[in-house]
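One structure is given below, encoded as structure tokens.
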Amino acid sequence: MSEVSPLARFWAEFRANRIAVVALAVVVVIVLLAVLAPLYAPQNPYDLANLMLMDARRPPGYVGSKGFTHWLGTDAQGRDLLSAILYGLRVSLQVGLAAGAVAFALGASLGALAAFMGGKIEILIMRIVDLQLSFPAILLALVLVALLGQGQWQLIAALVTAQYAYFARTAHGAATAERAKDYVAAALSTPLSSARVVFRHILPNCLPPLIVVATVQVANSIALEATLSFLGLGLPVTEPSLGMLIANGFQVLLSGRYWISIYPGVALIVLIVAINLVGDQVRDQLNPRLRR
Amino acid sequence: MSALLEIRDLATHFASATGTVKAVDGVSFDVNAGEIVGLVGESGSGKTITGFSILGLIDAPGRIVAGSIKLEGRELVGLSQGELRKLRGKRIAMVFQDPSTALNPVLSIGEQMRMALAAHESVSRAAADERARDLLARVGIPEPAKRLDAYPHQLSGGMRQRVAIAIALLNRPSLIVCDEPTTALDVSIQAQILAEMRDLARDFGTALIWISHDLATVSALASRLIVMYAGRIVEDGPIGAILRSPRHPYTRGLLDSLPSMAAPGQELRQIPGSMPSLANLPPGCAFAPRCTHADAACNAAPPERRDGERGWRCHHPLIAVPA
Amino acid sequence: MTALIETRDVAKRFREAPSLGERIARLVGAGSDERTVHAVDGISLSVAKGEVLGLVGESGCGKSTLGRMIAGILPPSEGTALIDGVPAMGGGTRPVKTTTRVQMVFQDPFASLDPRMRIGDIIAEGPVANGLIKPGEAAADAARWLATVGLDPSAAQRYPHQFSGGQRQRIAIARALAMRPDALICDEPVASLDVSIQAQIVNLFLKLRRELGLTMIFISHDLSLVRHVSDRVAIMYLGRIVEIGDSRGIFASPRHPYTRALLDSAPALRLGDEDATGFKPIRGELPSPMDPPPGCHFHARCQHADAKCCIEAPVLTGGVACHHPLKEAPQ
């Protein structure tokens, strides 16, 4: 029998779902476009010296004063919308991934620790988590941004606080099941330290459900960040993210200047839907109950 | 007299990513009315798949690819699921290893027994309850009238297995296939069920195929033994004769590896190696790689040899040659 | 002879966690009593250095729980389990295991190996973490213990799912041995293996005992297996030891009616064509450990029971806990 690595088997199964493959390709392309934006974007939208007010609110296809075509038009400050979207995606992805990663690490550790320790510590951690899950994430994030002030780090902190609970709950469920298995008893009888048992043995075996939550939560934190920015509570105006671009065009949406809101909105939706489609397929593959 | 059950050249294969798994490959045997036959082998020997094949319980990716199974002269291979359903529970029944999965957790015992009866004949509720009660009492369940209203989770594992046996007996089938029915039970409960099965089979005239990995349990019950290895029968015959002087080296090895066959503390005689993958069987005798008697001849499949009631498939059978 | 393993009145109670509603009901004084399972009910025993003690009983008798307390995985509710005079677990509200001298082999090798670790790491992790070897010696050490249990050292690079049940159990044994233990607690170590593989693992245990002078507690429901590997045997029933003594003596002439019944109910290999089937079942159900009968737990199933047995629990004296012990068979 030939030895097939688990990753190769996972990929072979993933490939069978065409929609998921297309979605994954879209995610990869968007990430590459965003990461490489400074290399090819027609304009640096954050450089105020670059912006011409006379180019403001021009429709798609307008050839600007700098001599290049604004394929998606310009916004109220005369920013090239295509460049602004690409840079905005960068910000959205950065914030979304950073918040997702920190929430993952924090939530998974707390959940696994609660399951391992049991007793009062478990009750304390999980009650806080349950309490938090009973509030809408957006409400929590709004309160935190109001308390912490604006800025990228404050925003990430707010998103983490709003989202770690999902990871904690998932990790707690998975870790409770793993905790009862004999390999944990074996580790305890060696003996190995509690920290090693939790982080080297229990947590790695909880990864499949956590990865599923992570894909969904990265998409959610991107959406949440866009929402906060749309409400004017996100990043500073000088570094517009997708949410703020949508907000900027919102007032003029019905006066025929649709492009300022619509194109960033389309970019946001495509990104979030693509991540969710990938996440759905990953969930189907990692969840043994859904398997035929 | 023709046999109750006649299996000829049965082959049940499973399609898998790594190739065709030949779980059962050319199995033939008979079961006479009222006879208890022990079907013994290790995991992967095909004993359970043989039992499932008889009841038509093979699902995709598995398929009976060849052979014939005749019950009371009627061919079962190729029957539709509907026809098989009519037969199952009526003429032929099965008792599974894990009684908790065989019983429906949300229906009371009485309801399940009534349904099992109603599937094959129309009886009044009172008559059905009467029969259910009698049978529960017969399989050793105390206060059977009360148990009719109980749900499976309210019973112990041993009691659940008794209920499963009672359901199997409801329509007085001529054959019950028992797949490791006592493996999950404690020693003392296992002994109770063994004793009851033996008496029930005798009183009802029901033939049993007793599938097990445990030679001692089978020897307490069966009159005939079939030993399987890697999807084929390697030896069959009267149980006493086989256990006293096995002809196939695998049977010998199984017996010798039992702790009761050695003095305490002495090394057990072990069979080296492990069962080959059923997707990738060696040509010829499947046991040859683990056999101390194997030689070049074993690269060809050994033919079945018969001597009276005994049969074996080995190029080098362990027969004491008179000097 | 000095005792390497000793338990002093160890008991383990499991309390069913009450639901929120029940806790509230109890606060206002309307709740039912807590349901407690006496899994192990005050057991004192000792195992001498180099000795193998077989621990036999049916499900719910507490043999695994006792084994886990001695192995330092479960803290006892009462009493202590000592390894060479030192408690297996430290004190405090969250007791942790303090000794490396006792190790455990579990029943199901499919559950007892971390599926995400390589075999080499599984074996060497414990000794490195406990400072028994240096990290640089891990590979050589893993190879050495793999060889000891009869596996090729190349196995170190592979993952548990690439091995059969018997091979995995060998790996689990290698992991236990790598901690250089004096004592090994084996909890049904061959019960989930095929017959022909069981013999291989039993032989491995016999070899290890011979070569490493290990002290072992061998937990099993299989009487013939326990008889084969043990010097002494303890029979448990619902959390208590009902009989303990020299293996040969117990199997030849048991003194507790439960031991007798257990021996009689195991079907023996029937070699003759005689109709007698060679086993006698015990009557009655195994009582729930949640609600054990008063007095001698076995009285409801015992032919010799009288009024005293229903009230007074017999004390383990002279190796048997019974008001009416069976006479020893004349030799």
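Note that the chains are named A, B and C in the order they appear, and that numbering of residues resets to 1 at the start of each chain.
One rule holds for everything that comes next: a contact is a pair of C-beta atoms (placed from the backbone, for glycine too) under 8 Å apart; a residue touches a chain by one contact, two chains touch by 3 or more.
What you see is a predicted model; the values in this text were computed from it and never measured.
Comparing the CA-atom centres of all chains against that of chain C, the greatest distance is found for A. Among the chain pairings, B-C comes first (most C-beta pairs in contact). Chain A and chain C have centres, each the mean of its CA atoms, that are 50 Å apart.
With each centre defined as the average position of its C-alpha atoms, the distance from chain A to chain B rounds to 55 Å.
The mean-CA centres of chain B and chain C are about 31 angstrom from one another, to the nearest whole unit.
Remark: chain A residues 3, 117, 181-183, 185-194, 196, 200-201, 204-205 touch chain C in the complex. Across the complex, chain A is touched by residues 68, 71-73, 94, 96-98, 100, 102-104, 106-108, 111-117, 125-126, 129-130, 162, 172, 175, 179 of chain C.
Interface of chain B with chain C (complex): residues 42-43, 156, 158-159, 186-192, 194-195, 198, 213-217, 219-221, 238-241, 243-244, 253-262, 264-265, 267-272, 274-275.
Contacts from chain C toward chain B in the complex involve residues 58-59, 164, 166-167, 194-200, 202-203, 206-207, 221-225, 227-229, 247-248, 261-262, 265-273, 277-283, 285-286.
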